[in-house]
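What follows is subunit A paired twice: with subunit B in the first complex and subunit C in the second.
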Partner chain A sequence: MRSSRTLYLFAAPALVLYGGFFLLPAVQGLRYATTDWDGYSSTFHDVGAANLTDVVTDDDLFRHALTNNLKFLLVVVLGQTALALLLAVLLAARSRGSTWLRALFFLPTILSSVSVAFIWKFVYDPNFGLANALLRAVGLGRFESSYLGNESTAILWVAVAQIWFHAGQMMVVYIAGINQIPDELYDAARTDGAGRWQQFRHVTWPMVAPATALVVAYTTLQSFKAFDLILGLAGNPPRSGLDVLATRIYSTFANSQLGYAAAESIVFMVAIALVTFLQNRAARMVHG
Partner chain B sequence: MRRFLLAIYALLIVVPLIVIVGGSFKTTADLFASPFGLPTRPTLDNYTNVLEKQDLLRVLGNSILVVAVSVPVTLLLGSLVAFAVARLPRWPSRILFGTFALGLAVPAQAVMIPQYVQFDRLGLRNSLTGLMLINVVVTLPVAVFILSGFMRTLPGELFEAAEIDGAGAWAAYRRIAVPVSAPSLAATAIFLVVMHWNDLLYPLLFIDDPGKRTLPLALLDFQGEYLTEYPLLFTGVVVASLPMVLAYAFLQRHFVAGITAGAVKG
Partner chain C sequence: MPYSRRHLLQLAAGSGAAAFLAACAGPGGSSSSTSNSDGPISFAHWRAEDKEVFEQIIKTSGSAVRQDISPSNDYQSTALQKLRGGTVGDAFTAFRGAQFLEIAKAGVWTDLTGKPLVAKYEPNLITAGAQDGKQLGLPYQLVFNTPLVNRDLVTETPKDWDSFLALLETLKGKGVTPIAWPGGDAANAGQLLNVMVVNNAPADDALGKIETGETKVTDDWFLTVLKQYQQLTPYFQKGSTGTSSDAALALFAQGKAGLLATGSFQVSGVRKLGATFPIDLLAPITTTADKAKYEGVFNATFILGVNAKSSKKDAAQAWLDKLSDPAVAGVYANGTAQHVTVKGVEYTNADLKALAPWLTKKTALAPRFQFSNLDVRGAVENAAVAVVGGKSPEEAAEAAQKVVDQKK
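Up next, the complex of A and B:
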């Protein structure tokens, strides 16, 4: 068919670029992962699956980054989803004030990660930062903390910054979901004597299930990609307490272990696929 | 209760932003002495320092140039694919769409290493052209996703009329698909501007020459240099964010629509 041929021509430029600079490198990555190439020498050795087995079984740095990633993921997914839903419920009704507040809450989303990182770097500064200043001001000075300075909890404070960054974006997704709920359902619930909480529990929550699935899936992928925010907050390369998979891969690569970094990338991909799969299973169990 | 919660969260957003903007007009000592207060002796030193010594005007120019090329190119190529997806028979359309959808599931960190090698070999590393190209490549899947989502909902008769006129597919694309899809194209454009403007990963990976840095990379370099000279960091944040925030003030609804479409589909 003549017109089909034209349509293939339409798609051709994009396919060439995407195939050549995305799909092809993705496949080449598999090859690099089986070598000990440093990234610039003209020679390298084939090491088979040694890189991959090392990454999975015998790499404390990688395992540490994975643990940090999972902690970060858990806090961001739970915290951001809950906050986004709360804000959406509070702002779903149309009014001049709610339009303004929606715009305000969405605002951080358009900033760059590095900008957000610098804002929070100052919030968390142990000596001059806003968080400790606020605690002192309200007489809670005994809770002053060094935030990012504490190796074991630093990643959780980064998670808080990430939630501040993107909760407004997920709020918008929830508002769209809530606005699709027919008013009759709430009317019926009220007739049955349901209070505010019961209306939320029995109408809003089940009806926004598709939005929740979307928000959780997106937040998961987004929190695996939280690379810029961590570099901005922790410096490059980050300390081990703030190292996540993406920064670990970057550091390995910057350290001239290109083959090994390619193997780490593969495990990274598999980890994301696995988490996504488990989430889908969990979502199906919760929502039947 | 509702008002109280909203007020608290509004303060959580507004206060840090005010501190940043105010702080960019303060000396370090003034900022530490009173982070929340208005600048008592406002100074523009941070701005002259950052714009001149850090060559931030040039960096700003680089960012504008990259976005000015990569966004229209992504839109053009992405909308052509979306048109093909909407008009091709069922299976070719699915395969074409699926090929691009594949890219949505793969985070950039998983392909960046072989891409680095490839761009290095082709001499495209350490160049703004290379950055433009990688921006196009990496965001094509999202653009295709959003745009074909819209174009697939358009009735086929709309295009057939134009094609029967003997004008062909190109005319159907240009005279019908593009104008009808204008809102969707605008939303995608905004999403792409924000993505390309704020990207740190590829500049960090590709750019060695300080004269070719874009804003996020230059900002990251500040951190090493100024460690705790917060007023200078804040000034960098203001310079990097101001163009986006101004655009957001005027095009707020489109920003929300575009970024949400990108999030939902990306």
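Up next, the complex of A and C:
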């Protein structure tokens, strides 16, 4: 009996850390969101729900950031998941070549976001960049673009960089999932006359559902947390075409509007919760 | 002492309630210094390109100074929070405008009024460091936010808007990019706005008054500015809205562009890339010659200050004393190709000598730093970028004004 009480103490460090670094800041954030505190003055005014109301109803910059974030999320989740699965299917076999290729595709993951931003800034530069140079080299010069300078599509080009950055990491998750699939299932499928596509469709895809759920959830969070890559590519503060929720909150904070930034953070939290909930519902519908 | 599960729960509940109440308490309170009074002072600034020259000054003067350098836009965003802690920036710098005002509001400047070092500066160039009659900081650099021009490619100096456009057309005809403009770089894209505004604005403070609602982005004078951006669009390099500062600099340094639409603070960068052509400044005169009030734009920035939260204020002020010495300021100026606001400095750098006539020309204080709200400044500057990107001036102005109305 005594030892079971002692066990409570083992949870204490984790609870203290969780409380100190998550719960308390969250509660503080709620409190700050109801003030006009600038982040450094000793005085402030209570503004009630005005900050939250403004964020939701009367803030074009926040609305653009939210729209950009959702576009970014959609492209990254679809693109990264599809690419990671494709790479995993192609490289799941245990051969020396596939081991090297896995390492190659995993390589970007170990780079820092700043390095990745530097690489892609060079790729996207309209005058000296690799992307336009390649287009010109293959006779497709008419498709040259200003990439990050195009207000309506800039965020999609950042999404491409993000996919390149993290697809290798998700590939590893899928390879682990694929390697868990019993060979007998493929043997049975082949015996039934299934081709490669049908084997993928009826064996691989359903069997990697848990890995897909993990990849999608993780990629979603990564997409919402894309901050340093965007600042690296777009500069600080990013223009509205490249602004996402995390960078918008940072800009507001830097503009000495801590109360308003706290209100934006709360809406940000709600947005993540909502998207995660919808994803879970969708996953349950797809996989039963 | 024996304890039970109930005791533990009571302790946890009590601690949790206390923490919850503490979290619910209002914000505010003051920070105090936590820095160690021994060791070198921290000198916080954003000019990584000046690091070597400062190191040289630190070494020759025997000062115990450590440089804490952040990229300029990060410095703009986060310096105040770091300075308040007192661990970084015993001596520090600030941008003119929003950052200077915020730091003043937070009480981080030490009042330098009446200190002997203030007398070493040109009084008319350090007004950007004063507030309510107090000299809080000392603007150190005198930069010209006026486009650089390659005098091997451009020999004439147009005196009005039409002849400026004609010059650009001539350059284009020669196969040269008339203007290299870093439209994809938030910090430098807005430099061109300075010279586009000064002669169009109905008053010198008209741009800043957008923030207070006394003027609007949709006013005729600002629409004229945006329409002139539209006229400039074919003369910028390809993909200008996505061009970084480094790329624009490279275009100019390689002699592929006639003008670089940033300012004199990039002269040393151009030279580092190997450019040997003569560099001058050339502002587009956006009106007819008789209506032009200014030939260009300058800014007194890199405002030096002593952190009131520091435990090493004396050492920090001694460092500022050192920098204010004309001989030391000369080392800084000639080493970084920047003019300074210190009196009696001898300029030996060839580019500084070449640009010296601009010290006496009719130039306006850079208007883009009149904004104190960075979201408002961003909206106004982005209207110009949007026009170059293809939006109509009217649409861009309306979108920007909407943001201004929401954020002011």
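Following the convention adopted for this analysis, the second predicted complex is superposed on the first by the 267 of 288 C-alpha atoms of A that agree within 3 Å, B and C clash if a C-alpha of one lies under 4 Å from a C-alpha of the other, contacts with A are read in each partner's own complex, and residues count from 1 in each chain.
The criterion applied here is as follows: a residue touches a chain if its C-beta (ideal position, glycine included) is under 8 Å from a C-beta of that chain, and two chains touch if they have at least 3 such contacts.
Values in this document were obtained by computation on a predicted structure and should not be read as measured data.
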Exercise for the section: Name the contact category of A:N236: first (subunit B only), second (subunit C only), both, or neither. Expected result: both
Exercise for the section: Considering only touches as defined above, state whether A:S265 meets subunit B (first), subunit C (second), both or neither. Expected result: first
Exercise for the section: Would you check which partner chain A:A82 touches, where first means subunit B only, second means subunit C only, and both and neither mean what they say? Expected result: neither
Practice task
Please work out whether A:L140 is in contact with subunit B alone, subunit C alone, both, or neither, and reply first, second, both or neither.
Solution key: neither
Practice task
Please indicate which partner A:F128 is in contact with in the superposed arrangement: first for subunit B, second for subunit C, both, or neither.
Solution key: both
Practice task
Would you sort A:Y32 into first (subunit B), second (subunit C), both or neither based on which partner it touches?
Solution key: both
Practice task
Report the partner of subunit A that touches more of its residues: subunit B or subunit C.
Solution key: B
Exercise for the section: Check whether A:V172 is in contact with subunit B, with subunit C, with both or with neither, and answer first, second, both or neither. Expected result: first
Exercise for the section: Check whether A:L274 is in contact with subunit B, with subunit C, with both or with neither, and answer first, second, both or neither. Expected result: neither
Practice task
Name the contact category of A:V114: first (subunit B only), second (subunit C only), both, or neither.
Solution key: first
Completion exercise
Note: overlapping subunit A surface for subunit B and subunit C spans 8, 15, 23-25, 28, 32, 39, 121, 125, 128, 235-236, 250, 253, 258
Handout entry: Touching residues on subunit C, where the partner in the complex is subunit A
Key = 3-5, 8, 12, 16, 19-20, 22-31, 71, 73-74, 76-78, 80-81, 84, 102, 105-106, 183-187, 237-244, 247, 250-251, 373-375, 378-379, 382, 385-386, 389, 399, 402-403, 406-407
Fill in the blank from the handout: The answer for subunit A against subunit B in the complex is residues 3-4, 6-8, 10-11, 13-15, 17-18, 21-26, 28-29, 32, 39, 86-87, 90-91, 101-115, 118-123, 125, 128, 130, 133, 164, 168-170, 172-173, 176, 214, 218, 221, 224-225, 227-228, 231-232, 235-236, 245-246, 249-250, 253, 258, 261-262, 265-266, 268-269, 272-273
Problem - Residues of subunit A touching subunit C in the complex - result: 5, 8-9, 15, 19-20, 23-25, 27-28, 31-32, 35, 37-44, 54, 58-61, 121, 124-128, 132, 144-151, 154, 234-240, 250-256, 258-259
Practice task
Sort out for me which residues of subunit B touch subunit A in the complex.
Solution key: 2, 5-6, 9-10, 12-17, 19-20, 23, 31-32, 35-36, 77-78, 80-81, 83-85, 87-89, 92, 96, 99-100, 102-103, 105-118, 133-134, 136-138, 140-141, 144, 163, 168-170, 173, 194, 197-198, 200-201, 204, 215-216, 219-220, 223-224, 228, 230, 233-234, 236-237, 240-241, 244-245, 248, 252, 255-256, 259-260, 263-264, 266
